[in-house]
Each structure stands twice: as structure tokens, then as C-alpha cells.
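Each chain carries a letter (A, B, C, D, E and F) given by its place in the written order, and its residues are counted from 1.
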Amino acid sequence: MEILMAFVIGILFMSATYLMLSKSLLRIIVGTGLLSHGAHMLILTMGGLKKGAAPLLGENAPSYTDPIPQALILTAIVISFGVTAFFLVLAYRAYQELGTDNMDRMRGTEGND
Amino acid sequence: MSLLHLAIISPFLLAILVPIAYKLFRQIHTGWFVFPLPILLFSYFISYLSITSNQQSVTKSFAWIPTLGIDFTAKVDGLGLLFALLITGIGALVVLYSIYYLDKNKEKLNTFYVYLLLFMGAMLGVVLSDNLIVLYTFWEFTSFSSFLLIGYWYHREKSRYGAQKSMIITVFGGLSMLGGIILLYMMTGTFSISEIIAQSDEIFSHVLFVPALLCILLGAFTKSAQFPFHIWLPDAMEAPTPVSAYLHSATMVKAGIYLVARMSPVFAEHSLWLWLIAGFGITTLFWGSFSAVKQTDLKAILAFSTVSQLGMIMSLLGIGAAALHFETVDDSYFTVATTAAVFHLINHATFKGSLFMVAGIVDHETGTRDIRKLGGLMNFMPITFTLAIIGTFSMAGLPPFNGFLSKEMFFTGMVRVLEMDIFNLDTWGFLFPVLAWVASVFTFIYSMILVFKTFTGKFQPEQLEKKPHEAPIGMLISPIILASLVIIIGFFPNIISNTLISPAQAAIMPVEGYVYDTHIYFWHGFTPELFMTLGVITLGILLFVTLPKWRSVYNLFPEKLALNRFYDSMLEVSQRASFNLTRLYMNGFIRTYLVYIFSFFIVALAATLVLKDAFKFDTSDVATIHYAEVLLALVIAAASVSILFVKSRMTSIILLGAVGYTVSLFFVIFRAPDLALTQLVIETISVSLFLLAFYHLPKLRHEERIRFKMTNALISVGVGAIVTMIALSAHSNKMFPSIAQYYVENTYKEAAGKNMVNVILVDFRGFDTMFEITVLGIAALGIFAMIKLRLEGGKKNENK
Amino acid sequence: MNEIANIVIIVLIILGAFLSLVAAYGVIRLPDIYTRNHAASKSATLGVMSILLGALLFFYVKDGFFNSRVLLGIIFIFMTSPVAGHLIARAAYNSGVELWDKSVQDDLKDAPHMKKAGSKEQ
Amino acid sequence: MINFLILPILIPLVTGVLLIFAAKRIMLQRWIAGISSVIAIIFSALLVQKVRARGIQTLDVSSWEAPFGITLVSDMMSALLVLTTSIIAFLCLIYSFWSIGEAREKFYYYAAFNFLIVGVNGAFTTGDIFNLFVFFEVMLMASYVLLVLGGKKAQLRESIKYILVNVISSALFVIAVAYLYSVVGTLNMAHISVRISEASQGTPPGIITVIAVLFLIVFGLKGAIFPLYFWMPGSYYAPPAPVLALFGALLTKVGVYSITRTYTLFFYHDTGFTHQLLSFLAIMSIIAGVIGAIAYWDIKKIIIYNIIIAVGAILFGVSAMTTDSLTGSIFYLIHDMIIKAALFLLAGIVIAIAGTSNLHKISGLIKRYPGLGWTFFISALALAGIPPLSGFVGKLLIVKGGFEAEHYWGAGIVLMSSLLVLFSIMKVFINGFWGTPRAYKGEDKVPVGKMLIAPVILVIIAVFYGVGSEYVYPYISQAAETLANPEIYIEAVLKEY
Amino acid sequence: MKTNDIILQTATKVVLFLIVLFSIHIFFAGHYTPGGGFVGGLLTSGAIVLLLLAFDMKTVSKILPVNYIHMIAVGLLFSIGTGAGALLFNVPFLTHAFGHVDLPVLGDTSLHTATLFDLGVFLVVVGVTMTIIQTIGEDE
Amino acid sequence: MLNTVVLSAILIISAATIGLIYRVIKGPTTPDRVVALDAIGINLVAIVALISIALNTSAFVEVILLIGILAFIGTVAFSKYLEKGVIIENERDR
């Protein structure tokens, strides 16, 4: 299962990267969404999958899955939610001010003096 | 902190008071507040003569950063004292001169004297520190005070140019010297010069010896304007003339000489030292004097002349180093070069200082320094003319001035090279006297140009800005004093031989138990040197008279090859090239930056994986796969990949949602109920936010073209592959049990909960959670502020 | 007792799965939004209800009491599903989505307040 | 008081929260923020003293013993950085009073400001790798807010890029932690170090090295090393001066700190590979930074590129891994925080006066603003590491350490970079402050005197930091000692090991 | 466009009750079964969003006159305060305490400071979500 | 027996879900997508219920209700958006 998941995560990262390299701001943000999904899945996978019951002591199981990765993912999910929300609103505002969602037209001033 | 330290620091202290004095007493020329200090210091240092003339030294230490071996150790020995006297003595004269030279109503005297005092203190620090780091500190101080003084009239383009140039070159040298100092520290474990000298035998064989030598020499050469670093000095002439007289002829440029002299006992063992110093010195001598002839600006002539004279002193020090290789120094047969170096150092300060002041007077009284416009000033300013004659004749090496004596000794030193049989001097050594002689001819010529083109010939009043007249007496005092020194030393050289020269020589070439006893003779008999001098004079007069005829020789040296051009274009090209280069990769497109970042990610990690043979694939510890899970995996993969190809925004958002929900299903499968719950809710909110945020975007006029880009595809596949590969090998490399068991045991017992994940979140790792919600809170604040606060009017989206 | 319960659960689950499949088939194959909505909100809801009933029964057998949250879920879905279906249909109509060209009747065609439906999104 | 080391995190946190309530009352906000800042400085200073007197301070948050809960660790390095951060925060804060504008102040500027400090101090203090991530996020989120606050076009545009890059680096951070967790099964940094040492008797397994490189990439993105710095010049160009000063002085330094921490605490087993790579990247950063710094005629850009150079120099010292070079790196790190803040604040004043940061359009400022000019001059010298100012000792030790580690070329480049740093920064002085004075529109409205307070204090600190190195040295060397000997750290955290 | 939303509004009133009930349950049960302050908060804001959907901003702010940004701050203060309480007893920050109390009606109830902490999380989450939704909503 | 049934039911419903995803992608109108999404939500409820049975745990029952709630809110929001162009009104009846 872990091996399958590794490939799934790889695909998620691949799609995310491809999207983040595109021009449209929306696609970029979608890319970051995929990226965080991939990262979260990776934590879970790295903690080891299906090693026991859900980490609820009420289950009275002989063994439980590692709760740490789950707690980490939870924190990470919340944080990436905050970031995504912020990013989305930023995109919205940027569109209002700059009138475009094309990254090519949001060129910075680094090049020209 | 001793009186000696106080003496070194006193200029800095006074520098703090100068602006205050300037504010309070506007009517009095600020120079008068400064003037007493160098006098006082001069007389203070005179009191050390009794000690150093016995070739003893005084060391006073003051802890600064002892843990790093950096102590402010002040050491007065012959060499240091000689320089200290020069600095304070000439300093006093220059301050006096400046009082008349700079108008108290027109100039910003406060800054001027602050810089000047900073310089004076720094210079004293350089010559009196025994600790290399302290020396370096003061060294950089001199560079910067010089920078500030050259840029004193900062509204002038040329001043700024000259200031920048001098700073770049001297700081370059300074840094390289610092490198050398650190290398020396690594060999000896100390920054103290005396201790390094004491270990000179050990370090000679050290592998870092040569690099250290080169680094230190680079510092000395740049500071003392040795070829090819001399180019900053002529441009430094943009400084007010008193500054030129002080910094750029008498003192600061001699810091390099000082350094070479000071470090001679450490490095002189090595042939490289001799060859580099003597070679660069003689080249500089030649090139400087040769270039001086073609100059038309009085101060430019003097600048090149300074360059050449510095080269001369440098070459003498180089040759003098050879003396260390001979068994006996008794007969001072070979040490004459060093004696000459020290002697000429003093002489140069006197005559060049006075000449600069003369040039300043001419400039001040006529408004120009261009010798093509000047001429016939003899009648208007007789005293100045006399002073100029004394200075230039001494410079040209004519009797009975001091310059003649040192020039003779210089020839002696150079001729004796022929008798040396070390370091291949027997094969190439003949070049030294030859070049020396040729350079002397040019020296003679430019000296003549300097005095005769200015003071004799046709008077051209129409070319001058002012009606020339003799300078005020105050302005003449300083050059008169210097000129009289030129004569006095010329006639009675031995008043300084055993008080100043021998002690200095002892510091340069310390030989245990040997007491230098220098005597300078006016008449040596009919030696080769005398004939050389005679030749110089004869040929010099001849060439001076026929100057217009052969001047075109200088056209053979195209401007393009000039070092200045090289410097300018290097500066220009480096800026332009870096600008173009930067613009090439900093193109403002975030995509480009991401390409760099991801490429590095791929390359670095792939290389590490391969080089470290880190990829490991181990299926012994994997969970079972169920077909439903495969199905889910396929869904997630299909959804994420198809986002790449969909055209409508809505669809890609929905697909992202699909991925998110599938992830939460995975969380269900992998026994993570809390995660599943959270992921579900978060995903829903995210999707609705996506819709909200992109609702405002206009309908795409033409559907977004998703052009397939090979680079993008390659990079994304690479990233995916790397992530997968590391995941596989990280999973196959589980080396330790997780710390999870602790939570299983303690969740109920110690934290009174049953949901481990939740208990971890609020208790075990509650700290994380606290800041996680802080992040959320900040995000909300930011979103609120972003929407409400619009400093640029915030026009609404017109497509709405 | 257990056997009977098991059989009931199995039946419920099979029924639910079948209904879900039917609903999906409907959503895919039916010609326009209104018919698809019909398929989705009726059969899918029924399908999930039966599966949830199965689950409820399962947990009853396992734990000995009715799981309150499953019950709550059943009630919730029971209540919201029709509302949701209604809202979608109305929204679709009001946003001007065309009926299937073979539809025979459109009662709201002439209703005045429905007419100026914005041609908002596609 | 066992909770002492949490106070530098807690004080700004509480302040930030309280400031949310006071959003509309600007004077009240300023007072609260100012006073709490001073208190934070006092406590950080006391913390430094405490670490000096009693060694590393640790706090097991929530009372869970070390590898299981989150442990906060104040070793000397982190305590010093926290102190520096608090001081810089205070000065940027008072600078903001006169420069940031009421509109921003009403929209939670000070709250976000304090949260940024929470993040930075937290990142310096935490002893848990995942908690480090959380603090990074606090810091980043606050920085996003500060960057975008005001909603000007350039701000919005650059924020997008900044956030995008940081989202990527956060994701990479998460996966790096995940990989590391998979291999060693723990999150506490000391415990990780112990387990990595156990796993790598002699040579470490390849996977550890891979993870080390991944961490380098993650932190390198934050710390703006070559070739990951490209996002920085543009993003740092957009925000107003005090924010820029905070970013320039603190944010990249957190990345540098994290590299230093991980590379001295975890990944010191395969220095032949990882530290060689680090040293190569450090040198390349210096070169790239120098190229950028001399390319532009723009005050902000010049200083921004100088950040990259400094990062390179510091990391070069870290990569050499000798006691001297580590000491030098810490010396230089703190120096750079101080002086970059000063320079950005000064640049802010110049821009406020001239209305532009283009050097072609500025000249002769020193005539009307001598105080500004000389402050700038001294900080320029300090930046270039001219003795006896603050940059010197650090640079000296880094170069010395480099030579000792036989990285002659690298050390030489570090040394010579000073020249080009000087050249680039003096370009500002020569062209902006020297030259023919001009009149600028609206320059009379700029409260130059008040705005100068903060940079002048910073420059004074820089001077004392350099001249008084003797007094600072014991602290720094204690910090370097901990870095050079991870056992000290581990022992302090895990006690029984 | 004027529409009547009788069906939606009526359904909302009932469903809202269910959701709030569920979210409170999930909040308190978090220590033992899946859930907790975070999900609870999100659900509560979901309920409020439903209100917003069925009614309008003005009506909702009349029913719930809350400044959501202040709610975030209060929530943060709760969480920090729970942690900082430990400072008074000179135990490490965020050390939780719990005990069993015999309450007259509810019987044996365990009181846990972690619940207070979680309440902070709950408030922050509600505040954040609602701030975001409200600001964007107002901007449209 | 039960297990086999549950697993095959999961498979069947997954297949149904994939079909619905096809509808989501295909459209052609947004209401179509919303209908399909609503149905997916319902199916997810079913899947989670089945997984709970399969894993023999009641840990996920919260998820069931949650999905229901979210699907409902989502559908309401979508339909309001489609109908009125705004999701949240500032003030109704104006």
C-alpha cells in the first residue's frame, strides 16, 4: 500500500508542479492545493499505513496506527487552509487591481532598472 | 591606556570637538583649533628620539579583544617614530597652510578638519601599532579618510570619481593584506608583529608563506600606488591641495612603504620578496617618471612624480632586503640601499610637500594649474618661484639639495646590485641601474618642466582667471619651512643620520647586536654614481630643450591600452555585464524562478540519491493493498492529472475538490477519522472560497490555452519522480520505532482522553495547535485588511 | 437473531448499492438537467438511506444500541435531500437552462417573475 | 521561573492579540506595542544572561518529557538571536510610528508586526522540528499580511510570487519532516540527532544525506541562498521600509539559522558531501549576490542583493565547521541582522525624501541631511566589514575558519566580496548623498529627525558590537561551542542521554 | 431578483438546530471520539453560513451581533490564557490539569483545562471562517 | 458473507461515483455539475458507512453526518449562486 501511495503522491506532486508552472493564477493556486494534499498524504504514508485500529482508545484494539502523523497532518491541513484562503483572496484582489490573472502580465520590476 | 595611546587617539578625540568649535566660533578659522595638536604631538614624539636613537623601542599595550589576540599594542621604534614625526610635522605645516588656503566663509571647514584629523590619527595608528589587526584597522581608516578628502568637493564629478577609484583600489589591497595577516596568524598564532618577526625562521618553510607574502605585498603596492595600481593617485589630486601635499605625497602613500619596511624582517628571506618589490618598484619609478613628462596639470605632474618616487623607495627597500643574505653587514656595503630608502623617504616628504604647496599657491593665485596656460609667473611671485626652484632641483637630484644626496645613494644601491650573486641577480640585475638611470633622466625633465613652464616663459594673463600676485605670508610659511629643510638636510645630512635613519634601518633590518651607524657624505669621489648623475643632467637638459620635438613619442602609447581605461572599462563592463546577466535570469516571471528552484530540487536530490546510493526498495514492511484502494488511488491520480488538461476554471476547481474528497476517503481507509472529518470540512470551505474568489474573473474570451510545454512537463515529472523515490527509500529505511507507543500508553493515564490525535493536538503538542490557530487568525486579519484597505483608490473590477 | 439481522443488513446494502448505481446511470444517461436531478435526488437518496439503515442495524447488533449519529444522519439526509433537489432544479430553471428538446410541457414558461432569468454563467 | 524562555514568544503574542482589540485607536496601539517591545527586550536580555550563567535552558511545554512533547530550547545562539530580534523589532516599531501611515496602523499593522516577531522568536527557540514548521508558518503568514497590507499594485503582484514560493517551500518542509520521521521516528531535534548518530556509525545511510539536502533546499528557499534566491529581490522590493527592514533583517536569517541548526545538530556525519555542497552554494550565493548588487542603481535592490551576499558568507562559515568559523558565522549573523535593519531603515528615509529609490534621480542629500548621510556612511562601512565596526570580527573569523578548513578559494571570495559590497553600497553614498543637491517634492513633510532615531541607535549598536567585541565574544563563543558539540545540546534536552 | 425561499428558510430552521447540536457534540466529544474544537468550530460556522444563505447578512448580524475579528482575539486569548495559567503555578507553559467533579445533575463529570484550550480553538475557527466569509460577502 | 457484500457494494458505489465524476467534468451546464456533485456527496456518505461496517468501527460515523451537512450547504450555496449570482446577500428584498 505504501508503495502505491508513494506513486499516488508522486503523481500529485507532478500535477501540482505542472500547474504551478502555468500562467493562470487560478491554476497555480489549484496547484498549491494539490501540493498540500500530496504533502499531507506523504506524512501519513511515512508514518506507516494500517498498522492498527484508529487511534481511539475506545476501540480497545491490540494496536493502533501512529497518531503522531495524524496530528501533524491536522496541523498542516489547518495551516495550509489558512494560506490557501489568504492566497485566494489575494488573487481576487490582485485581479481587481491589476485586471489580469495571467502571471506573465504580473511581471516584476527586477529586470528593469 | 598609556600616554602613547592617548597621543594616537587624540586626533580622533579632537575630531569630535571640531564641529562643535566650528559651530561656536564661526569667526575664527577652524584650522586654528586644529593646528596646536600636531605641534604638540610632534614635540611629544621628539621626546622619543632619545630612546630610539639608541635603537631601543617602547612598547605599550592596551587590551582590546584579547581573546582574539587583538591588542592595541603601540610600539615606538626607529621606523615608527620616523613616520610619526613625518605625520605630525608635515601635518602641522599642512594645517597651517590650509588655514590660508581654504576660505573660512566658503568651505565646510568642519568636515575638512574632521577628515584631516581622522587621517592623522589613523596614520599614527598604522605606524605605531604592533598588532597587525589594529594596523589593518587604522589602514582602512586612512583609506576612508582619504576617500572623504578626495570627495571633499563632492559636487564635482571628478572628485567623486577619484574618491571612488582610490577607495576601490586601496580597499582591495587592504582586504588582500587582511588575508595575508590571517595567513600569518595561522602560521604563527599571533597578530603581533614583533612576535611574528621572532618566528620568521619557522614560517619561512611554511606552505602558506608565499601566499601570505603576496597578499601583504598587494596591500602595500596598492596603498603606495605601485604600478599597475598607481592609477588612483593622479585622480586623487581632486582633493584640496593641502590634502594632496599631506596624504598623497608625504604620508598616506608611504604607508605601503612602511608596511614593506616593517614586514621585511619576516619575508626578506625569500627571493620573491626581493624580486617583487624591487621589480615593481623600479617599474613604477620608470613608468611614473615617464608618464609625468606628458602631463599638463601641475598637480598631475606632481602625482606621477610621487608615483615614481614611491617606486624608487620601494625598489631600494627591495634591494636592501638582499643585504640580509650576506654574512656581514658591517661595511654597510649592501645596506646602503635601505639607508637610501629611509633617507629619501624623508627628503621626498620635504621637497614634494613644498612643491605641492607651491602648486597650490599657483592654483590659488592664478585660478589654474594647467602649464599650458601658465608661464612667466617668476616676476609676480618671486618667493614662490624660489621655493619651486629649491623643490624641483632637489627632486631632480641636483646639488646642493637633499635630493641629490639620496639620488646618489640610490645609484650606489642600484650599482651594487651588479655585485650581488644571489637570486639570479647576476643575470638580470643589470636592469636595475639601467632603468634607474633612465627614470632619473625623465625625473630631471619633468622637474624642469614643472618649474620653468610655470615660472618662466611667456606670461599669458588672458588665460588666467585671476591676476597673479604673491601669496599671503601665512600660506608661504609652510613651504618655506620645508624648503629650508631641503637645504639644511642637503648641507648637513648627518643631523638626521643617527637620530632618524639608523634607528629606522635597525627596525627594517634587525641584526642582533649590531648598531647601525650611518654617515652620509656629500662627496664620494669620482664614482660611477657621479658620472651617472652628470649623464642625467646632460641628457636631461638636452631632452628638456628638445621636448616639443620628441613629445610625439607619447602618442605611441594609445589611450586604449592605458591602465585608466582598463580600470574604467572594467568598472563599466562589470556593472553592465552584471546588469545584463541579472536581467537575463531575473526576468520578473515567477515561472522562470520556479523552474530554477525545481530544477535545483531535482538535480540536487537526484544527484544525492545516486551518489550516496540512497535508493532502497524494500517491500517487507508494507501494508496490504485492497482493490478498492487501488480504485481510489486511480481516482485521485486521474483527477489530478486531468486538471492539467481541462479548460474551464470551474472544472479544475471541481476536480481539485474531487481530489480533496478522495484524500479524505483515504484518511478514512487509513484509520484517521479526525483527519477525514477535518479534511472534508476544509475541502468544502476551500472549494467554496475558490468559487468565490474566481467568480469575479471575466469569462474567458477564448478558452484558456493550455500549451504543453516540454520543460514544464520534464520538471514536473522530475519532481514527482524524486518525491516518490525518496518516499520509497525513506519508507524502506525505517530504522527506529516511532515514539508513538508513548502516546498509546499515556493518553488515558496522564492526559485523561481517549482520542489520541485530539489529545496530542490539545495537550501533547498543544503548543503547535496554539500557533496553528494563530496562523489562522493572522490570515483572517490579513484577508480583512486586504479587502478593506486600498491605498491606491481600489477601483472595482470593471468586468463585474 | 444475528443471522436474520445479517441478512437484513445485506439486503439493505445490496439494495442501496443497486439504487446508487441506478442513480449514477441516470445522471449520466438522462438527457437534461431536470431529469438528471430527478434521478439523483430520488434514487441516490433512497440508496444511501438504505445503506445507512443497514449501518444502523449493524451497529445495533454490534454495540447493542442505536448509534445516535447514524440516526441523526438518516434524519438529516431525509430532510435535506429534497430541499437540495428543489433548489437545484429551481436554480437551473431560473438561470435559463434549456429543457430537453423532447420535453412536452413547461408550466413555468409564462410565469412572469421567472422570465428575466439572467444568462449568468454558462 | 522555568517558563522564562517562552516569554520572548509569549509577550509579542499576547500583545498582538490585544492589539486586535485596539485596532482603531492608534496611539493606544503604539503605546502597547512599544511598551511590550521594551519588556520583550528586557526579558530576552535576562534570558541571555541566564543561559550564560546556567547553560542551555529548556522547557518541556505541557510538561511532557522531552522526545514526546514539544521542547523549547534556548541555547546561546538562539537566545542571542532572540535578543537581537527583539531589539530590531523595537526599533522598527518606533520607526513605523512616523513612517507607516495611519491607514495601515488601523488595519492591524502592529498586530501582524507582533505576530511576525512571535514566529521569528519561536523559530529560534523551538527544539522540535515540526514546531519549527509551525513557527515558520506563523512568521510567513504575518509576513504575507505585512507585505500585502495597503494593497498597492506592486504589493499585490509581488505578494503572489512571495506566497507561491513560500507555499512550495512549506510543502517541501512538510515532506522533509515526513521523510525524516519515517527514518528516525521522532520529531524532537535532540532526539533526531541522537538517532541519526546511532544510525550512522561511521557513514550515515544515504537516505539521511538525501534528507539533509532536502532540508537545505527548504531552508535555503527561506534563507535565499543560490540558486533559490530568485524570488527575493522582487518580493522584498514591494513593502514599505520598516517591513522591508524586518524582512531583510529577520526572515532570511531564520532560514540561515535553521540551516545552521540542522547542519550542526543532525547532519554532521557526512560533511564531505553535505557541507561541501553547502559551502559551494554559499560561495555561489556570494557571487550571485555580488553580481546583483553591482548591477543596479537602486538603493533597495543594492541592499537586497547584499542580503544574499551576507547569507553566503554566514553559511560559508557554517560549512567550514571549525569553531572559529562557527563563531564567526554567529558574529556575522547578528551583525548582519543589525546592519541590514539599519540600512533598510535609512533607505526608507531616503526614499521618503526623494520619492524614488533610483540613484540616478537622487543626489546631494548629505548637504541638507548630514546626519542621515553619516549614519548611512558608517553603516555602509559596517556592512563591508571595515574594522572596528560590527562586520569585521565576524568576517575575520569566517575567513580564518575557512583558511583553517583549507577552503582557500572560498575564504578568499568571502574576503574579496567585502570590496564589492563596499563598492555597491558606496555607489549609493557617492551618487545619492554626494553630488549636486536637488530639491525634492514634499521632502519637508518627512520627519527625518524622528525617523533617524531607530537607524542611529542601530548604528550605535553596530559600532559597539564591533568595538566591544571583547564583551560580546564570550557569549558568541559559548554559542559556537554548542554548535560545534551537539552533545551539549542533546544532554540539555534529553537529560538522561 | 425577488424570489421566495420559503422552503429553504423553513428547512434551514430545522436543519440549523441539528447542525448546532451536532457541532456541540463533536466539540465536547473531541477528547474521546473524533472531533474537537476545530471541526466543531467549522461546523458551527457552517451553520452560520447556512443562515447567511437562507437569509441575508443584515438579518444574520441582527441575530448574531458578533464582531468576528474580536472573536478570533478572544479565542486566542482563551488558548493562550489556558497555557499561561501554568505560569502562575510555575509549571511548564500549557500544562493541563484535569479532575473529576461531582455535579448535582450531571453526576461525575471530568473537568479538563484542555477543554478550555479547545474552546479557544473553537472560537478562533468560527471567527476566522466568518471573518473571511463576511468580508468577501460584503465586498461583492 | 457480510464482508464480501460490503466490499462489493463499495466497489459498485465507487463505480457509480466515477460515473458521476464524468458528469461533473462533462457538464454541460453548471447545474448538471451541481447535481452530480450532490449525488457524489450522497454516495460518499454511503461509502463511509460501508467502510465503517467493513472496518467494524464506529469511529467514522461522525463523518457520515458531516458529509451530509456539507453536501447540503454546498448544494444550497451552488444553487443560490446560479440563481442570483451572489451567494450571500447583504440585504434581502431590495
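Keep in mind that, in the parts below, contacts are C-beta pairs under 8 Å (C-beta built on N, C-alpha and C of every residue); 3 or more make two chains touch, one makes a residue touch a chain.
Which chain is which protein? Per UniProt: A = Monovalent cation/H+ antiporter subunit C; B = Monovalent cation/H+ antiporter subunit A; C = Multisubunit Na+/H+ antiporter subunit G; D = Na(+)/H(+) antiporter subunit D; E = Monovalent cation/H+ antiporter subunit B; F = Multisubunit Na+/H+ antiporter subunit F.
None of the values given here were measured: they were computed from a predicted structure.
Once chain E is ignored, the contact network of the remaining chains holds as one piece. Across the two candidate interfaces, C-E and D-E, the one carrying more C-beta contacts is D-E.
In this assembly, the chain whose C-alpha centre lies farthest from chain A is B. Of all the chains shown, the one with its CA centroid nearest the global CA centroid is D. Taking the mean Cα position of each chain as its centre, C sits at the greatest distance from chain D.
The distance from the centre of chain E to the centre of chain F, with each centre set as the mean of the Cα atoms, comes to 25 Å.
One simple way to say how far apart two chains are is to compare their mean CA positions; for chain D and chain F this gives 48 Å.
Centre-to-centre, using mean CA coordinates, chain B is 80 Å away from chain C. Between chain C and chain F, the centres computed from C-alpha atoms are 10 Å apart. In chain E, 1-3, 8, 15, 22, 26, 32-35, 38-39, 43, 46, 69, 72-73, 76, 80, 93-94, 96, 128, 132, 136, 138, 140 are the positions where the chain touches two or more neighbouring chains simultaneously. Each of the following residues of chain D touches two or more other chains: 13, 17, 20, 61-62, 130, 134, 137, 141, 144-145, 148, 151, 153, 160-161, 164, 168, 175, 178-179, 181-182, 187, 233-234, 296. The set of chain B residues touching two or more other chains comprises 579, 582-583, 586, 588, 590, 594, 650, 669, 671, 673-674, 676-678, 681-682, 685, 689, 692-693, 695, 723, 727, 730-731, 734, 738-740, 743, 753-755, 757, 761, 763-769, 772-779, 781-784, 786-788, 790, 792, 794. Taken together, the chain D residues at the contact with chain E in this complex read 1-3, 6, 10, 13-14, 17-18, 20-21, 23, 59-63. Residue ranges of chain F in contact with chain B, taken from their complex: 7, 10-11, 14, 17-18, 21, 24-25, 27, 30, 33, 37, 40, 44, 47-48, 51, 55, 59-60, 62-63, 66-67, 70, 73-74, 77, 81, 87.
Interface residues of chain F facing chain C in the complex, by the touch rule stated above, are 1-2, 5-6, 8-9, 12-13, 15-17, 19-20, 22-23, 27-32, 34-36, 38-39, 42-43, 45-46, 49-50, 52-53, 56, 58, 61-62, 64-65, 68-69, 71-72, 75-76, 78-80, 82-83, 85. Interface residues of chain E, counted against chain F in their complex, comprise 1-3, 8, 15, 19, 22, 26, 33-35, 39, 43, 46, 49-50, 52-59, 133, 137-138, 140.
Of all residues in chain F, only 57, 59 touch chain A in the complex they form.
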